[in-house]
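So the structure is just underneath, and the comments pick up after that.
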Amino acid sequence: MPAQSFVLFGGTGNYPLAEAVARELGTELGSCHVEQFPDGETTVSLQHPVRGLDVFVIQPTAPSVNDHLMELLIFGDACRRAAANRVVAVIPYFGYARSDKRECRREPITASLVADLLQCAGIVHLILLDVHTPQTEGFFRGPVDQLTAVPELSRVLEETLPAETVVVSPDAGRVTMATEYARRLAFPLVVLHKRRESGTETEVTRVVGEVRGRPCLIIDDMISTGGTIAESARALAEAGARPGLIAAATHGLLLDGACDRMSAAGIERVYVTDSVAAPNRRCGHAEVVTVAPLLAAAVRLQLDGHAA
Amino acid sequence: MPAQSFVLFGGTGNYPLAEAVARELGTELGSCHVEQFPDGETTVSLQHPVRGLDVFVIQPTAPSVNDHLMELLIFGDACRRAAANRVVAVIPYFGYARSDKRECRREPITASLVADLLQCAGIVHLILLDVHTPQTEGFFRGPVDQLTAVPELSRVLEETLPAETVVVSPDAGRVTMATEYARRLAFPLVVLHKRRESGTETEVTRVVGEVRGRPCLIIDDMISTGGTIAESARALAEAGARPGLIAAATHGLLLDGACDRMSAAGIERVYVTDSVAAPNRRCGHAEVVTVAPLLAAAVRLQLDGHAA
Amino acid sequence: MPAQSFVLFGGTGNYPLAEAVARELGTELGSCHVEQFPDGETTVSLQHPVRGLDVFVIQPTAPSVNDHLMELLIFGDACRRAAANRVVAVIPYFGYARSDKRECRREPITASLVADLLQCAGIVHLILLDVHTPQTEGFFRGPVDQLTAVPELSRVLEETLPAETVVVSPDAGRVTMATEYARRLAFPLVVLHKRRESGTETEVTRVVGEVRGRPCLIIDDMISTGGTIAESARALAEAGARPGLIAAATHGLLLDGACDRMSAAGIERVYVTDSVAAPNRRCGHAEVVTVAPLLAAAVRLQLDGHAA
Amino acid sequence: MPAQSFVLFGGTGNYPLAEAVARELGTELGSCHVEQFPDGETTVSLQHPVRGLDVFVIQPTAPSVNDHLMELLIFGDACRRAAANRVVAVIPYFGYARSDKRECRREPITASLVADLLQCAGIVHLILLDVHTPQTEGFFRGPVDQLTAVPELSRVLEETLPAETVVVSPDAGRVTMATEYARRLAFPLVVLHKRRESGTETEVTRVVGEVRGRPCLIIDDMISTGGTIAESARALAEAGARPGLIAAATHGLLLDGACDRMSAAGIERVYVTDSVAAPNRRCGHAEVVTVAPLLAAAVRLQLDGHAA
Amino acid sequence: MPAQSFVLFGGTGNYPLAEAVARELGTELGSCHVEQFPDGETTVSLQHPVRGLDVFVIQPTAPSVNDHLMELLIFGDACRRAAANRVVAVIPYFGYARSDKRECRREPITASLVADLLQCAGIVHLILLDVHTPQTEGFFRGPVDQLTAVPELSRVLEETLPAETVVVSPDAGRVTMATEYARRLAFPLVVLHKRRESGTETEVTRVVGEVRGRPCLIIDDMISTGGTIAESARALAEAGARPGLIAAATHGLLLDGACDRMSAAGIERVYVTDSVAAPNRRCGHAEVVTVAPLLAAAVRLQLDGHAA
Amino acid sequence: MPAQSFVLFGGTGNYPLAEAVARELGTELGSCHVEQFPDGETTVSLQHPVRGLDVFVIQPTAPSVNDHLMELLIFGDACRRAAANRVVAVIPYFGYARSDKRECRREPITASLVADLLQCAGIVHLILLDVHTPQTEGFFRGPVDQLTAVPELSRVLEETLPAETVVVSPDAGRVTMATEYARRLAFPLVVLHKRRESGTETEVTRVVGEVRGRPCLIIDDMISTGGTIAESARALAEAGARPGLIAAATHGLLLDGACDRMSAAGIERVYVTDSVAAPNRRCGHAEVVTVAPLLAAAVRLQLDGHAA
């Protein structure tokens, strides 16, 4: 790998992760200075040269999402104006991904807008991780590398999960991801399905597959307020699942109250990655699996590809 | 409605539908000449003026999809160069909609590409009908009106479906549409779910909900080869559904063999719309519900909105 | 004014100002719902139709600047997708305006980036008020109406300022604005000028013009931390200005500590406009002059121009 | 030539030609899978990596022109999204080239539209061969290499044409090409010119130059239905040309009936290139000259240029 | 025609023509100030409002072509920034039109570049007159109205040309235009054709058609140095044409020496239009036919179309 | 430096400077042919290959500004179409830089327009020298290298200026540049400031700083008509400056009469660079400092950066 042909910058969204990616690549993060002025305006000043280099900016657009997104756009602008060869955004968590369609006529499609804003700021290539909707990629005109942390999480989970565990998809949208977990862990798949019973107003969660007396692993792409996981846990408990439920998700936003909410519903342990900053500080019993090697491999692939 | 401020053109994709829309609007299609030269090149010559007018081109990009798509793009180019105020494409069936994400790394996202091509040809607004994936809208930068034929089909179905019918979604992707049918028809919802049983290679279709002894309405957005409907029908039969299954879908492509394939699996009747040309010619027992009033209303809404 | 051809929306950046502009125009703000989700993502849902209408979104990108800017971009996206005729952003305070050039080689020009982002989100016209640098307008490709609150502030000031007052520009960059105040108030102009004396490292503020024993009005485009005003006040005091200095600026950001900082330097009263939200809550002795009529006139001009 | 820095793909438009170009370059075509679904939708799946590579897609947009054009656009999209360094389209026959201007006010300029569509799909460079109108190049913003097969065809023709042959341009538009043939073959040039005689409605073809008793070579850029060649042959026969006329054209579309039509008019032999697929299958007495070395040289020039 | 919905501006390229167009439309030119600074920089200041109006800028890009082109681009920029509804350039003479293709590999296609520059400056619609190559239109993405002065010139010519006149196209590129003259004047068509005789280096002009003893009208799109007309005149004289040749062309650039050059070759009279400024001052025996009514009709068509 | 990876072209704006830059880089200018046709149209024909190369075009857009600007745009077009890797414009003097904002509502911002035109012509990177307004950079989307000739001029000045000299900024806009001169020369800074005295209509130039009896160096970015320098000189003389004033500016346009005007006001010597062509021919006592090494270093930086 020609060390001189690229530079990695870490935004403030998850600087420790960026450092870990740099270590994996046997390099150091490019020196830069990100500052938020008293009036909240963000500025970026690059100390490391970028002229003619491939620049990778590692920045999840996790909360506070607007600040981190603007910072990323400003990074793009600074790199472009300083004559970077090309600017690649490594976005381990893509905020606004769930705003991928309109429910009503007069709403935004913010994920599509964000993809445009990134291009507008001079970013020409994205590296994404377990984005909520696969169609998101199509909002961007340039190349996108979509990564998944399922192998990373599965490797850790297979050492700890009891036999007879079933993998549970909390809804229809996660079946593809759950199937991949089930395949890797060689466990059966169960899908939760909310339906409104005829003649009533109450939604009932149907459990499709056998869970009675079995340990359950509920998977999701992200855990934000913990509401989906908690609701799933309750449905599994009612269906006779063995107590001591496990949850796994790539993105551990774990907003305030999320851990308590999940605990109260019977979740014993939570596995997430470090795609967003320091979730373990917020949730005592969360295990954090790093995606630094995964991101580093994606960066390396581009460098090799480019050199090839 | 100021008749002089707009003109409707019908492409060759479904000229009778375009005529019906014009009738609904109390107008006539603008005169134009679409020709395919001996070498297969398409040309469009507009006899009706478009200068300063809002132009609506009604053209499903149904098979032969590439010919119909190019014709639509050429319409766009001709209208733009002739100084149309704006060009709106009314695309009752949006071909390539299923190519909305990449399964592998080196594939196109053709639905996104097509959205770009339309803009590139000067088309600034889309009217779409029951597109396969709602995210498709986000591939287009300009305004999109997404219509659904579920109310139209439901109105016809509610007069013919027996009591006790259940609405069946053939897979997780159609649950939203099936829920809407169920709500309008006041029938319960059943979801089919394919799972690979642990330790085997065979996919088993799980029927989530009660179908034993009950009439079933299988819904989908489109019927192409009829394979999905046929497979669903067999799973329902195995689960004890009452014989005489009904299928309904917005887009009746009904490719060669589709009707036989569905019949052989126990489908007794098929309801589709006229979003694509003349499906009833191909499938003796298909009932065709027109979407002309629906499309006409969407056109009228734009004219009123614009005049307002 | 054809009330039906346009709609005004107020963002959360300064909703009371938007309401006041609507009142001036004899209309009401279009109903819309702006929400920030628990994870900080912003969404906008428009209740008022926009199809075919000219939409004006009133939103200063004052602190928290990134949230307000993203909200404005999302407004743009929602309006564009809902088929607005055109989207005009009324931005009484344009955040990032001071990032209008690079001091070093590897910095962004965020004001230029923001202009691009606005266009990228479908905004085609800007109404701005006393932007820090007049060149900012050139960053935007479309039409820009640049307004100034100097007449509004002057009208209030001329009733309260004592005779013999001099208008003070705190540095060379504000001379144009100060000259306009001086012309309207018929007071002489004084310019402060920081110079490093030969052979020293200390900057000395030179007072160009006579201030001894005279009341002074220090003007600026914005008061953020109050530092510039305080420094100017101290220089004027040293030069013998009459105690009881007055400051006037269009944008009263008045960040925490600003009022105390200015008071300590001898500023007795501060005049600002309501271009940013509710500064008077933060600064007891600040007088707030409304720019609602000014903005309303600019909106009206566009409607008349458009109808003409 | 650094074999690893580029990859050639062959579309279905003329796969054997693509293979021949690859052989000339001492390489193999990149593995890829082009499929047309039962509903006519095209998809492209690349097996060979393209990341960081210069990709050349060889695809004439010959009949069926819309299918081949969409396939090329889809290739562009797939390569761009898979992070190709740049995508070059090698289009030996550029369909729609004759739609290069409007005859009437409300027509498309499809050649210009196609140039835009190619750019829209991520194609940044074109290699073209004997395009109908030289201005076509100006429709594309990026670099274009215009090649001509006149030297290739001349080399074959000079070995077979009898002494005293004259080179015939069938109309004014081909004079430049005919002049080049005449120069290379050292034969005189004759131009056919259609004129409407004063007072009549009949067009008469004037033969400008001496053909009586002399062998004639009629040249053109393409032979589609054979109509132009047949008409020219009849005019030459009337003017006393020696029987046994020869025709040569770069693009041998040779649509159904073309060969019979030309034979009936006295054309004895036809020389075309392999720019479009397998014309010799359709026309017994057509000689096919390969342009593979010509295209290979153009590709090699780019690789060398790029490496230089 | 709603006088208040548009404004016409005249550039310095041909202000009298612009005035004449305004008179035809029953209006006056919008007041504006065009200035060239001592350093040659051009500026445009509009006194007439343009907000919300359709703006027509009448400016041939005749010599000095770069000054007139930049002035037109600057007009576009000023109108766009001042919120014109749309900016239409009326370019009676389109400079650089002959740079429509590349003769060699490393040349510009300036006509295509100019079309792009016009769009870049905010001009969205062109009105052109007898452009050298019809393909030029395809270089522009937006609507183009191509006008021809052949009817205007024919009307004048038919009153003065003697019986038995033949219409002469000076080369193959003007045959379409010459045919139109011949059709309108009901005279036969003669085409001049330059060929290099076999074995020589000298070009010989062949006269295709009968000219012996007949009066000749040589037509062309433009007369620049007069070289083409003079050369044609000599060939006609050699072929026995009756002395007293007439030339007609839309664009009378008539550069220094042009008139003498044509006179010396036997041209007795020259008919041109006023598409470029004041040619009659330069050429004593040139008759100038105005295109003001033609341009006015094209403007009126747009206004009506737009209002319709 | 890999000599084969780039080529430098010199436009006609300042060919000797381009030659000097080439010499500094140890190379020769690429052969090219720039021609102005009799009708004033410019054409560029490149003899040196550009395929795959980084192309640097050195062209100040000094008078005649429109011709030089169009020539530069045409260079861009020719290079892009000939498949240059990227086209960098080295513009030592950026014409229209002072049109960087609108004074009135209906004016252009020509500096912003020019930046767009350059991009439109395929130019992706700019190297600029002492542009009038630093914000100009933000008008361009791509990378810009802003150079300053202050060090070059200072090196020459420090050998000739007498002790006790003061550096004079002629107005507030040049203070940044003057400060840099003062810092490098270790002289004090004086600022001239025009103010309108209260109650009068006359502008008075205030001299901020001590000049009595001291030699003065008046600096500016450019000297066009010499008016600003002359006016400053008179103010300094009135303030008692020592006779024998010196002026220094990067860009010596030195229009007709400029030198006489400055001499008459007491300017004894003028220092300018060769950013524009041959100023010393026009002003006998002007000393010309070359910026060739400065521009060469900027080119070299890009080549190294790119190779890095």
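Note that the chains are named A, B, C, D, E and F in the order they appear, and that numbering of residues resets to 1 at the start of each chain.
Here is the rule we use: a contact is a pair of C-beta atoms (placed from the backbone, for glycine too) under 8 Å apart; a residue touches a chain by one contact, two chains touch by 3 or more.
Predicted, not measured: the structure shown is a model, and the values here were computed from it.
Identification of common neighbours of chain A and chain F yields C, D. Listing every chain that touches chain C and chain D alike gives A, B, E, F. Although chain C and chain E share one sequence, what matters here is the overlap of their interface residues, and that overlap falls short of half of the numbers used.
Relative to the C-alpha centre of chain B, the farthest chain centre belongs to F. By residue number, over half of the contacts seen at A-F repeat in one listed pair from D-E, C-F or C-E, namely C-E. Among the remaining chains, the Cα-based centre furthest from that of chain C is the centre of D. Averaging C-alpha coordinates per chain places the centre of chain B 38 Å away from that of chain D.
For this pair, chain A with chain D, the centres built from the Cα atoms lie 50 Å apart.
The set of chain A residues touching two or more other chains comprises 49, 81-82, 102, 105, 109, 112, 116, 137, 141, 145.
Taken as a contact graph, the chains fit none of the simple arrangements: neither line, ring, star nor complete graph. Touching chain pairs in this entry, ordered by label, are A-B, A-C, A-D, A-F, B-C, B-D, B-E, C-E, C-F, D-E, D-F, E-F.
The residues of chain E lying in touch with chain C in their complex are 4-5, 49, 51-53, 80-83, 85, 122. Across the complex, chain C is touched by residues 125, 137, 141-145, 301-302, 304-308 of chain B. Within the complex, the chain E residues that touch chain D are 100-102, 105, 109, 111-112, 116, 133-139, 141, 145-146, 172-173, 175, 179, 182, 186-189, 191, 193, 195-199, 206, 208-209. Residues of chain E that touch chain F in their complex: 38-47, 49-50, 62-67, 69-70, 73-75, 77-78, 81-82, 95-96, 98-99, 102, 104-110, 112-113, 116-117, 120-121, 224-225, 253, 255.
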